[in-house]
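Paired with chain B in one complex and with chain C in the other, chain A is shared by the two complexes that follow.
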Partner chain A sequence: MSVAVIFKWAYSPADAQVRSDGTLDLSRAKAAISEYDPVAIAAGRQLANDLGTDLVGLTAGPAGIDSPLMRKAALSRGLDRLFVATHSALEQANSTVTANVLAAALGREPEIAAVIAGAESVDDAAGQVPLTLAGLLDWPGLAGVSGIAVDGGALEVYRTGANRQETLRLTGPAVLAVTTNAVSPPVPGMKDILAAGKKPATVLDEAELGPVTCAQAVEVGRRPTAVPRREGRVLDGELAEAVRQAVSVIQEAGLA
Partner chain B sequence: MTTGQVWVIVTDDLIVGNALAVARGLGGPVTALVVGSRQTADRLAPVVSQVRHLAIDQDTPAESCAAGLADLAAAEAPAAVVGNAGATSRALLGAVAARLGGPVLHHVTSAALKDGQISLVRTVGGGLAEVAEAVDVGQAVLAVRGGSDLGEAGATAPVAELAVTSSSAVRLTSAQSINHQAVELGSAKVVVGVGRGMKAQADVAMVRDLAERLGAELACSRPLAEGAEWFGHDRYIGVSGQTIAPDLYLAVGLSGQVQHLSGAHGAKLIIAINNDPDAPVMTNCDLAMVADLYQAVPALTAALGGASGVSESGGK
Partner chain C sequence: MEFNFTDEQELLLQSLDDLLERECSEQYIAELDAAHEPPTAFRKAMYDTGFLSLGFPEQYGGTPVDAVTLVLLAGRVARQGLNNGYGMELLQAMDILEFGSEAQREEILGLLAQGETPFALGFTEPGAGSDSSGLRTSAVHRDGQVVFNGTKTLITNALRSRNLLLMARDPAVSGSRGAISMYLVPTDAPGITYNQLDKVVWHTADSCEVFFDDVTLPESCLVGTKGRGFEQLMRNFEFERLVIASQCWGQAECAFHDAAAYAAQRQQFGQPIGQFQLIQQKLVDMAIKVENMGNLVLKTAWMLDQGLDLRTQGALCKRYCALSAFEVADDAVQIFGGIGLTNGARVSRIWRDTRGHRVGGGTDEIMVHIAGRQIVKAHN
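Here is the complex of A and B:
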């Protein structure tokens, strides 16, 4: 048995520039483990320890995502081993294509107790892939999970929604997307990084994963989001003077 | 030309105002598929053409109906399936998309029927860009964020009870309501937003005083809602949260990452208070006050207090 954690190797829009044609210039961005995914890996590690099983990582993307840097970044965070699923369909992936590739790759693990995922990927900010994956596997898919505990043969799951707190009981495998702060992920140390080099990583390529058929939305246009130009005028002087200026602007706008 | 049935999936969070608006834009009759309480189903009856209610037991989370709902979608082939981006809704939309073999498109802002296809606009890249896309009728699964205003009430639609199979692999063993006062930031005229520059929950009181002085709604960055839980989840602004368009957004002790500010572009005036002159918010605002919020906020509150008494403008 194992616990699987899915993560994304992605660029952050915080490091991107939008061009006038609406495409993103990523030349100043570096791919990394998506911002919230270290939380998922750490939550997966805890669960695997509690269950006394392996923690296997899985990421999916076009062939280009596989690199020593990516492997180290993932394996140093507490995975026992790593699957890298590469597929040409992921050059232009939508969430369902990605979920299909992940589902095919997870078929390589004989028995999975749970698949853990992060809240949202840094680039898409949608939080959809784990839940579509759950649909494909026909397992329960739960997002907003803030805690997971082992209770006999079952899993106890806590979540905090917009207006209530829930405890749920799972009697079989499930896909669980954890909240942004479900656990605090430790920063990998030198020892973890060195150990990562010795952990197994397996590439699953298109030939092994099989074809993916999925409808696509066709892009017909694109533009930068209209962002008003703002002056960023610094209110100078002592605090009292800055406050006086701010208040006068607020009053001029008729807001006080 | 009409599209045939448009489904809107509704869970008990009821934040489906914008999803309903997008669904109505498709021109066909809108059917609400309510996976939740009968009360929620009844709330939808005046604003859609038809309500179908998937009643769930006390100990069953709505997610256990995901496969049943997907079966129904496969059997009835609605033109489009729309929902919000809440945790439960995403699980239901994901199951439907998995079954239909198409994507769930997120951050959708509008959709229309054009040349026999559904054409839609959505934001991508953390809000940096907008794309227009076309997707086949029958393959459109759309996630639309926000909106507690369900639209104008019309004739009360019939509510049909519907039975779908539900999985027994997950059970709800306990549930507790959280008492966060619901808020509609989208229509607020003045918003005061705080971030992690605020060090303790007790300090919310200080910012609330300022907000009250301005007649403003209080809002925050994501970590203060999801994580610190100092605010309800409907109070954070950004790509994953609320979109605001006030006359004034006062951004206090928040760095202004793209994911946050993309929810605030609609503000007429942004004033930022931050002790770091290099924080991204300082170049993405109209007025930047480089100051410790613990000094600036009380000073501003006091100054506004004096001002409001003698104000000639009286507010709009």
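Here is the complex of A and C:
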């Protein structure tokens, strides 16, 4: 039995430069674990500890995704071992293909208690992969998970909505996408980073994963949409006066 | 030659960035500076994540690490605008780990784990600054006890620390050789009094005159070998200079980025001031200095890792970085104009703090004194 965490190794948009035509220049961007995925890994670690099982990480991408830096970055965050699924179909990744490759890779893990995922990836920000994966595995898929507990061997999942707090009891494995603040991920220290280099990582390549045969939504065009201009207003004066001005600005804008 | 970081350095710096974002915001630093408080909570977080025990031997719960990595981390913390945020404790603790008794080691490591400053270094005296051989504070060993008398000055963190790492001489030994010993003295020992100095730099650390009036302690407060205090202290001096230089580098980089960002948005005469060539020239010279500081610091750290002699290099590095960091900070203040001289501007704090590094840890001139002699000797 193990708990699995899926994570994305992605270029951070924070490092991207926007060209004058609105397209993104990623040439100076560094790849890293996608922003919200450390939360998923930390939630997975907690759950694996509670269940007394291994925590296995899984990422998918084209062959170039595998690097010692990626492995250490992931394994230093508390994974016991790592699967790296590489597939040429992921050169032009979309969420359906990604979920298919992840599902094929998870087939290598005999018994999984749950697959934990982050809220959304830092680059695509669509949040589709976990739920598509759940569908492919024929498991429940739950997004917006703010907490996971173990109760008598079964998993209890908490979800907090705008006006509700749900508790759900799972009768089998599920894919759980955790909220961005479900847990506070610890910062890996030198010991974790050094230990990461010694943990096992397995590459699953296209030959092992098989072809991706699903129908695909292929991107044929992308253009930036006009982002509404953000108005900046500097409010001068004493704090109390500045607050009064801020309130009236908000009211004038019809925001309150 | 390789200028890339190793994977481990890359990941450590990422971790440190995360920690700095969470635990060491500009607001936090500015509040500490205004309240003259040390960054205890940040240090505790650094300890908990293992950063404060980097470089310590494994048997004391540490993780050995090379000097290049350590100065990268020290520079990165300083780049946040925090003075003396990283490196100095490690440096000091090395004296105790290397020369102290088991009880002294336990005491110091325990304090580090709580984010406390384990001790203040008591070296300088009213009559002995650059010329350490003029040190007069006496330590008289008698019947298993030591009696201290004398005055220390400019002692950083004396009020905040539980101990002083005190350098004192045996009055029975003439000259300096074999006369000076190192002691770990509790700051609350009877007979010690303090006069806080109101200094204009380094507000997150207090500075004091410390008076010793027949302070009597068991001889177990001796650190290492009697009469070898000076040599013990010197062992880590070159590393201290390197750590100071890396902090200067980081602080200068912080001031540079603040100034460049301000120049890009501050409008005068209908355009950003960064469009004026006089401002661009300052930014270019600042960038060159920051780049040079980084190169000098990293090369010096690499030399330390290779076990090469650092007498000249350490002094060159400390002198260049302390002086250049202050020049960069000064130009940053100039680019900010009047607002740069107010306490709300980070560059003003960096300007104050980098000034301190031109004196603390050995003055600019003493660095010339050290390196100059070596250079002439090597060419003779």
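Everything that follows uses one rule, which is that the second predicted complex is superposed on the first by the 214 of 256 C-alpha atoms of A that agree within 3 Å, B and C clash if a C-alpha of one lies under 4 Å from a C-alpha of the other, contacts with A are read in each partner's own complex, and residues count from 1 in each chain.
The criterion applied here is as follows: a contact is a pair of C-beta atoms (placed from the backbone, for glycine too) under 8 Å apart; a residue touches a chain by one contact, two chains touch by 3 or more.
All figures in this text were calculated on a predicted structure; none of them were measured in a lab.
S.K.: Touch test for A:Val203: chain B only (first), chain C only (second), both, or neither?
M.R.: After superposition on chain A, A:Val203 lies in contact with neither partner.
S.K.: Once the two complexes are aligned on chain A, which partner has more residues of chain A within touching range, chain B or chain C?
M.R.: Between chain B and chain C, B touches the greater number of residues in chain A.
S.K.: Return first, second, both or neither, reflecting whether A:Ala242 touches chain B, chain C, both chains, or no partner chain.
M.R.: The first partner, chain B, only.
S.K.: Using the superposition on chain A described above, determine whether A:Ala149 touches chain B (first), chain C (second), both, or neither.
M.R.: Once the two structures are laid over each other on A, A:Ala149 reaches no partner at all.
S.K.: Check whether A:Leu194 is in contact with chain B, with chain C, with both or with neither, and answer first, second, both or neither.
M.R.: second
S.K.: Is A:Leu69 contacted by the first partner chain B, the second partner chain C, both or neither?
M.R.: A:Leu69: touches chain C, not chain B.
S.K.: Please work out whether A:Gln165 is in contact with chain B alone, chain C alone, both, or neither, and reply first, second, both or neither.
M.R.: first
S.K.: Name, in rising order, each residue of chain A that touches chain B in their complex.
M.R.: It is residues 12-14, 16, 18, 22-24, 94-97, 99, 119-120, 122-128, 131-136, 138-144, 156, 159-172, 174, 177, 179-181, 213-228, 230-235, 239-240, 242-247, 249-256 of chain A that touch chain B.
S.K.: Help me check something: in the complex, which residues belonging to chain C touch chain A?
M.R.: On the chain C side, the touching residues are 7-8, 10-12, 14-16, 18-19, 22, 49-51, 54, 63, 65.
S.K.: Any idea which chain A residues touch chain C in the complex?
M.R.: Touching chain C: residues 32, 68-69, 72-73, 76, 186-194, 196-197 of chain A.
S.K.: Report the residues of chain B in contact with chain A in the complex, numbered from low to high.
M.R.: Those in contact with chain A are residues 13, 15, 61, 63-64, 66-67, 70, 85-88, 90-91, 93-107, 119-120, 123-136, 139, 143, 167-178, 180, 182, 189-190, 213-214, 222-223, 226-227, 229, 232-234, 239-240, 247-248, 257-259, 262, 265, 268-271, 277, 282-291, 295-296, 299-300, 303-304, 307-308, 311, 313-316.
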